[in-house]
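Letters A, B, C and D name the chains as they come in the text, with residue numbers starting at 1 for each one.
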Amino acid sequence: MRRKDATWILTAQCPSRLGTVDVVTRFLKECRCYITEQQSFDDRHGERFFIRTAFQPEETDFDADTFQAAFAARAAEFDMVFELTAPEARMPVVIMVSKADHCLNDLLYRYRTGQLPVTIRAVISNHPDLEPLVAWHDLPYYHLPITPETKAEQEAEVWRVIESTGAELVILARYMQVLSSELCEKLTGKAINIHHSLLPGFKGAKPYHQAFEKGVKLVGATAHYINDDLDEGPIITQGVEPVSHADDPEDLVAKGRDIECLTLARAVSLHLERRVFLHARRTVVFAR
Amino acid sequence: MRRKDATWILTAQCPSRLGTVDVVTRFLKECRCYITEQQSFDDRHGERFFIRTAFQPEETDFDADTFQAAFAARAAEFDMVFELTAPEARMPVVIMVSKADHCLNDLLYRYRTGQLPVTIRAVISNHPDLEPLVAWHDLPYYHLPITPETKAEQEAEVWRVIESTGAELVILARYMQVLSSELCEKLTGKAINIHHSLLPGFKGAKPYHQAFEKGVKLVGATAHYINDDLDEGPIITQGVEPVSHADDPEDLVAKGRDIECLTLARAVSLHLERRVFLHARRTVVFAR
Amino acid sequence: MRRKDATWILTAQCPSRLGTVDVVTRFLKECRCYITEQQSFDDRHGERFFIRTAFQPEETDFDADTFQAAFAARAAEFDMVFELTAPEARMPVVIMVSKADHCLNDLLYRYRTGQLPVTIRAVISNHPDLEPLVAWHDLPYYHLPITPETKAEQEAEVWRVIESTGAELVILARYMQVLSSELCEKLTGKAINIHHSLLPGFKGAKPYHQAFEKGVKLVGATAHYINDDLDEGPIITQGVEPVSHADDPEDLVAKGRDIECLTLARAVSLHLERRVFLHARRTVVFAR
Amino acid sequence: MRRKDATWILTAQCPSRLGTVDVVTRFLKECRCYITEQQSFDDRHGERFFIRTAFQPEETDFDADTFQAAFAARAAEFDMVFELTAPEARMPVVIMVSKADHCLNDLLYRYRTGQLPVTIRAVISNHPDLEPLVAWHDLPYYHLPITPETKAEQEAEVWRVIESTGAELVILARYMQVLSSELCEKLTGKAINIHHSLLPGFKGAKPYHQAFEKGVKLVGATAHYINDDLDEGPIITQGVEPVSHADDPEDLVAKGRDIECLTLARAVSLHLERRVFLHARRTVVFAR
């Protein structure tokens, strides 16, 4: 029986054109790689092609550099951008939080138990509160307070941490500050935020209070990539929770916590498994 | 074992005050009525009290008129409005549709099989298309076409049908015309609409196209009472359906049909079972 | 923009072996067919490979027979069985029912409105009750009553209808008779049944009564292929519905109807879209 | 506006008889207690009545002992058993675990953040592994290893911890030992277990492996009270999670973790809020 932990992932996207699948799968065959799972999709509106391939080399001398160099030549003909991910790859990550710790606690638990294939390089917060939790997990904690006056400075500091740790993904796990458009731009496609509403409903601050005012019977959470338009970044996944007339705004806050945790964790997992493709303002998500 | 089909329902609401439950339950005890199910709720924000009581008289000579007259005196002390519903009561109903027939078909099926305790007095449409379906169920069909010029006239006709049939509930089962504020006012609390989005997201026309543009991963439906503010009436219930990048607007329309049917049917059932209370812009829903 | 209604589907399965994807996709490239959606899966336990490819020919002279003949030669090398489905193909279907009509009504509605790409050739029932509903849809109704003594005879009659109508799929939409193992064998992989429980829980008769006895808080429905072991056929999809202490067995029956309809309709759609693969006692389902 | 944190809860059950609600609500009125939320239910099969009342005394000199003594006299006439719960009451609890820590971690998080109104008096495990996690929360950890030979002894030790800590609830948060019928009996109605399947499906060991074998498309979790029949105790709540052909048994284990945590936490919350009534082999659950 094939081992799951020997699986490489190749993802790619390019303009729609005859032969987009063939250029990938023929190459894998030539490299003697067995495809264990593959999904492709053609966005007929955007005329763009997306593919995700999980494979296992049949030869022991498989070399990633050689593979990539050789495939790059073929991909170029299709204007194809691609990424190769090694088995057991662990993506370096920075998590940003404020005071609420439910999403952080959930992510740290999954990290500690090996459910999230990441290396958490740092946790950044504009408050000192969550330092003990992070310390217990033996992770560095950067307390970077922020005021309207120091925003630019603080964000420069944040960026310094992200860069110096080599983080390839930033997780905004209920970081309650609006990022400047400069920072948003730098983080485009590299940062996942959890918003505590079913976007585009209840954008902005205090969505549970807005939901209470409207008397909705469902609340939800939205995990999305950061882009330059606040709370309008491309959506990765959404979750939902029934509520009732008996729920005060504080009850909604409490009820929403679980679905926020689950929705964020699901989005991060999909991203780490290279199941999410970003193009223009939309995502393609090859669900399991 | 007690029979379910001998159950009366008493619902009431009034300002919050000591003794609101007691005034109801003591009276029922005195009338020798056994309470089989009861729910009450105090809205501490609005300082208003809501109660729903299902009961079975232990005496065979229970008389509704006597009961109501006697209870009215006590209720008056609490500024309590109440309603008594007999076992097996069938509410007279008018359904309004346009061309889409999924909600109508669903309601007619539930009606035909006895799942909905109503008497459908008429189906009104601004199009002729659904006449055969309605005819097969032996129900009167009013084709009342509408143009911007004839809107006032058509609505007068609609109102005439509602009044002449004695309808106590109007179900807008994908009636695709915006009602005038005059008609909305007349129908306040007496008409249930199904909107094909998770309100307050995607108000107005073509919500599935809006949803596609935003790249959401969930679509939904909202059943709400009509009031004077379009798509802002008090919400009764909401349903949700996962969607993906592969869904075109037409796919969303198709995927949404089932959840629209289910959400509308659930709202109508809750209303018929007297589980929904309307107060200001909100509902209290005592779910089963 | 590519048209969706010009899409062919090629499905295939074979033993796991290097090149299984390539043999399909290279051939499609050579035939100048653009792949719009593809999913493949390797069952590492059963060492078996499954693929579903949706494609659009770029040439106007695409010929299905030529395609199949040519591909058969290549597929043979891999012991690959495959099926090619034309755009807008309508599968001939027979539906079997008893007295309960909710699933039938739902299927007929979807059929009438073009949501199900089938041609319903006949409805068979062991009772006369549902004849008027079927007649309204202008479909032939075979009333084939059954008693323990006439079972063999009746099943021969059933089989005659299936064969003479050329049905490629039989939908057991709450047909309340246990099929003989002979008939089951003939229908293996060609018949979908809806069972009103979350199999393997509550097999056999009166599952809602069993559920009530156990005091479960969820009921459900299971759509599965028929095989020789009653209620043990390979599962296609399952649905679930919350229930409470207040639900009598009859309430569970009523609450279960919607989820039975939805689960059966989903399974039939997945089957018609060639998203379900049957191998041994399991299914592979490439969900949308 | 009334404060939520001043709310007392009175729960009761007794045989069905005229006046069961009145005996409760009239007394509350006489004591000048305002009822903020009330639910009652008559089990017509078992002919038993259940009621839960949340109330706020209008007088500052409300005294629980006086209240209970006075009410006991009235309740006695109805063979009514009742319980009065003070605002902000914190139930003493013992948690039992083995090696898997997801449910424990989840419970400890909710405890630490004040979401669970309990006092955790001890964590008992038959393994040493989870000691550091418990220590970080400053809670006592009892490592009580067990072998077939020492089972009786170990259980005596377990019981000693439960008794000495005054625990009123034992939470079996994936404790992987079968309790003896003696211990089960002692814990009847006082212990909540999480089983990782949709009971009564997949009882016993390795339910996810059983689920994989059957090829189910949904897995789930069941929180139930312990009684003398293993995995057959009265169900409090159940949760469900979709799975696919691509999920190995280990994937099912991983996917099931979240729903196990949520289902157990929900059951514990319902129990703490006195929303669950136990009678014979069934529960009545007054959901929010």
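Here is the rule we use: a residue touches a chain if its C-beta (ideal position, glycine included) is under 8 Å from a C-beta of that chain, and two chains touch if they have at least 3 such contacts.
Which chain is which protein? Per UniProt: A, B, C, D = Formyltetrahydrofolate deformylase.
Predicted, not measured: the structure shown is a model, and the values here were computed from it.
S.K.: Based on mean C-alpha positions, I'd like to know which chain lies farthest from chain C.
M.R.: Centroid comparison gives D as the farthest chain from chain C.
S.K.: If you tally contacting C-beta pairs, which comes out ahead, B-D or A-D? Let me know.
M.R.: B-D
S.K.: Between chain C and chain D, tell me the centre distance in angstrom, where each centre is the average of that chain's C-alpha atoms.
M.R.: 41
S.K.: At what distance in angstrom does the C-alpha mean of chain D lie from that of chain B?
M.R.: A distance of 36 Å separates the two centres.
S.K.: Can you list every residue of chain C that touches 2 or more other chains, as numbers and ranges?
M.R.: 4, 37, 41, 45, 244, 246, 248, 287
S.K.: Residue numbers of chain C touching chain D in their complex, please.
M.R.: Against chain D, the touching part of chain C is residues 41, 43, 45, 198-202, 214-218, 220, 234-238, 240, 244-246, 248, 281-285, 287.
S.K.: What does chain D use to touch chain B in their complex?
M.R.: Answer in residue numbers: 1-2, 4, 16-22, 25-26, 28-29, 32-42, 44-45, 47, 58, 287.
S.K.: Quick one: in the complex, what on chain A touches chain D?
M.R.: On the chain A side, the touching residues are 4, 37, 101-102, 105, 109, 113, 115, 136, 244, 246-248, 254, 258, 262, 288.
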